[in-house]
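To keep things simple, chains are lettered A, B and C as they appear, and every chain counts its residues starting from 1.
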Amino acid sequence: MSSVILRNINKSYGNLPIVKNLNLDVKDGEFVVLVGPSGCGKSTTLRMVAGLEDITQGDIQIGNKTINDLPPHKRNIAMVFQNYALYPHMSVRENIVFGLKKSGADAATIKQRLTDVSEMLKLNEYLDRKPADLSGGQRQRVAMGRALARDADVYLFDEPLSNLDAKLRHHMRTEIARIQHQYNMTAIYVTHDQIEAMTLGDRVVVMRDGIVEQVGTPMDIYLQPTNTFVATFIGSPAMNLIEAKLEGEELVFDQYRIPAAKIANVDMHSLSAHDTVLVGIRPDFFEDSALSSPSDNLFEFNDIQVDLVENLGFDKEILFKLGGEDAKARLDLRSHVKRQEHISLSVDLNRVLLFDTSTQGMLLNAGEV
Amino acid sequence: MSSVLIKNESRLGLKLVAPAVGIIGLLVIYPILFNLYLSFFDVQLNGSKTFVGLDNYTELLGNPRYYHSIGVSIIYLIGTVVGTTVLGLAAAILMNQTFRFRNLARGLILLPYFAPVISVVFGWQFIFDPVNGIYNHVVVDVLHLTNERENLIGNPDSALFVVILFDIWKHFPIAYLLFLAKLQSVPKDLYEAAAIDGQNPWGRFWHVTLPELKFVIATVVLLRVIWNLNRFEDVYLLAPNVETLPIFTYYQAFAGIVDQGAAAAISVIQLLVLVGLIWLYVRKVLKW
Amino acid sequence: MMNKRTPLQSVILYALVLALVIFCVFPFLQILSTSLKHPIDWGNPSLIPRILHLDAYKELLGLMPPKEIDVPASIQRLLDNPALSAEKKQMLLAKFSSGGDVFPFGRYMLNTFVISFITGICSTFLASLAAYAIARLRFPAQSLMANGVLFVYMVGGVLLMVPLYQMSVNVGLASSAGGTIFSLFLIYLIQTLPVAMYMLGNYFRTIPFSLEEAAMMDGCSRVEAFWRIIMPLSKPMLFTVFIYCFVIAWNEYLFASVFLKQYQDFQTLPLALQTLFTSKNAIWDRIMAASMLTLLPVVICFMLANKHLSGGLTDGGVKG
């Protein structure tokens, strides 16, 4: 295992910049997830590490060795591809041991690794089949196995689960998490799925338009997003953003007046420079006031008209209007709200975030997560 | 900067194409230029040559045999191109229907295309043989259309039509394959929509199939013209008396009074026409 | 859905299919039939021989027992004359058993097979390298080469007949049998290379790029990825292209006639058949049997490669 360092990486196709001045340190044994909408440059970044794309500017180091000019096959990297890229003319067994053999491993090691991997991924009964005779989920496991069998410095995953149906995707996500802890591998994982990013990453890198918006642990990013893009991209349903006027020490929208000073980590002095701010409240942090225990820091939005209720079983999502915009709250099955009812929703002001209306950046000081 | 990876890739690319491109350059591109050079010489089979300037061209343009062979070539081209295209299209539409033994039929109709010319021309010659051939048997003894057995291949005028028929027989399968591939990619719902709109089968053919096939038809026609302009064996082996351009060239170069310079001159002119057609193909057809 | 066919429509459909198939197959049946007919049977329009007559095949394949040499009765009487010495008898017999009457079909077949096979192998190999580079690697003048191949592919052999012949004369290749055969091999190579490159290029483009990337991640250089992944993966297509090249060389007449006319021992089948046909002992059954035997390997190849051939041809714009 090795660390990976990306220094001032730039990548452009002709005049079109794809990745702009990217810096990232992946520590030895760390699992880092690059997440962002399509076209944000995450896959390109991964492919530059792999050597499948050349770097327009900057340096990439693996284990403190600059590898910019090293061809892909000399980088000792294993990779899982989005379309699996299994060798169609080889059996599952041959697929798995191909890289190992290539690296000159001895027969005993190869056998041991094959056994380990096929047991871990439950591939034993498929070893003699060709990829064409496998289901999508099985192929995905073979692709994983082929990478894991290798003794690589770094493991790269390029949206490995995006071709699976929802159920299998969830299952494999758990598998990968399990394997990651078992192997303690240095890995970079690319996905557009924020749930994968949250569940798998030791750290998550959120990218947009070739720029890194935020790097942090999943909880960092969830609770302290640096701007509205990260705030709305991570978390589902997306964070509600409501524009509020600042009147004295109160944030005002609709009939509600939120005491700004009660919001965690707020810097009243810098806040006073703003006329308006964006108030960010995650749907998860709303509570049905009828069920919540009263507390000092709780703010109550009363007289909310429920436009729609989506029952998801344990959870239900409530659609309503806040500050003139559609807003969502996630309540659990204890609450019995119905469409068209008027209810009160409470929020712990420690969980409320504030963003600059023009720069979209977070206005709060970093605090305890 | 990591242009090293890019440089490695282009070096490998050049290395891999080098042998093939070298051979093609040496044996196609160079000969084309050499041919142009030779067309200004009086060239003997043993390689000796004398510079004659434009004599080959002026002689050629004053040679009635040359114009005759151009005429024969034009009839041959029109006949074969129309024939292969129409029969190819008809066969494709037919083979696109579902019926029993379809795969067998599809395989069998490709046979003429793959058979060596040399091994089928004698079969055709036998069919038209004045003494034993089935053609004369049917025309004279069964249908009584004429009283005399004719040697169709012996007479250059009628032989031209046998040669055209032979070319259609031999090469319609390739037109058929191109059409069939396109037909299979026409979405079924287009036909269904047309049927719902009250189009009968003929209307469906006219309003759905034909527009979809427009580009393929153009491709087939142009490719047929390009290939048939150079066609030698199919004509020469079946009826050496049908003097299309390539056969005229061959006689100039290797038979009777050998005049390789004149043959080179014919090739130069023919190549210019060909380049024009290929240019048309690349510009208009491949862009589609 | 399409309307279901009425019985009348079905009849018409089957009639048309049958007519088309008969049109395509009839000449082959004619060849087969005539090759099996006894000379007295040639005028018989039926395709089915009255008596099965295999002599033509036996003769071509050298299975004819030598004693069946057809000796005229007058000569036979001479031979039967005990006064004639054994030596004289041998000489007389030799006049009938040789003298251009023997057609070394096996030899021609072997010649054709060898040159076609070597052409097929070399062409497929060189084309696979070049096609891979053009389809997959970035290098200068790449699109020029891709278009150049298309152009070359359409320049027919007739146009190059004179310059190629003169070139081989100039470098002295045309003056020896070996040199001539080598020239012919090179010519077959350029007649097949562009097609092969075109077909393989189109095929390589259908292979997902990530396979090579996966191989490189598994420790293969680009070249190794090509050899160890792409080539084994393309085996069926390589085989198809090989067959296609093989058949082109097997069928070729023009250049064979130009180059091999004076080297009778090295002639290929198309040339030999043409010679046989124009020679004095042109006998329909023999010609047809020879045609059948020339055709057979092609039909076998065709059946072997049929699966991929149709698709490969239409993808390539295709010679024909």
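In the analysis below, a contact is a pair of C-beta atoms (placed from the backbone, for glycine too) under 8 Å apart; a residue touches a chain by one contact, two chains touch by 3 or more.
Because the structure is predicted, anything quoted here is derived from the model rather than measured.
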Just say which it is for the chain contacts: an open line, a closed ring, a star, complete, or other.
-> complete
Of A-B and B-C, pair with higher C-beta contact tally = B-C
Using mean C-alpha positions as chain centres, tell me how far chain A is from chain B in Å, no decimals.
-> 60
What is the distance in Å between the mean C-alpha positions of chain B and chain C?
-> 18
Return the residues of chain B touching two or more other chains; collapse runs of consecutive numbers into ranges.
-> 6, 8
Pull out every residue in chain C that's touching 2 or more other chains.
-> 222
Residue ranges of chain A touching at least 2 other chains are 51, 71
Chain B residues within the chain A interface of the complex | 1-6, 8
Provide the residue numbers of chain B that touch chain C in the complex, in ascending order.
-> 6, 8-14, 16-17, 19-21, 23-24, 27-32, 34-35, 38, 43, 45-47, 91, 94-95, 97, 99, 105, 107-120, 122-124, 126-127, 131-132, 134, 137-138, 169, 171, 173-174, 177-178, 181, 191-192, 195, 219, 223, 226-227, 229-233, 236-237, 246, 249-250, 253-254, 260, 263-264, 267, 270-271, 274, 278, 281-282, 286
Sites on chain C touched by chain A in the complex = 208, 210-211, 213-222, 224, 229, 232-233, 235
Chain A - residues contacting chain B, complex = 51, 54-57, 68-69, 71
In the complex, chain C touches chain B at residues 1-3, 13-14, 16-17, 20-21, 23-25, 27-28, 30-31, 34, 42-43, 45, 126-127, 129-130, 132-134, 137-140, 142, 145, 147-152, 154-167, 169-170, 186-187, 189-190, 193-194, 197, 222-223, 247, 250-254, 257-258, 269-270, 273-274, 277, 284, 287-288, 290-292, 294-295, 298-299, 301-302, 306, 310-311, 313-314, 317-320
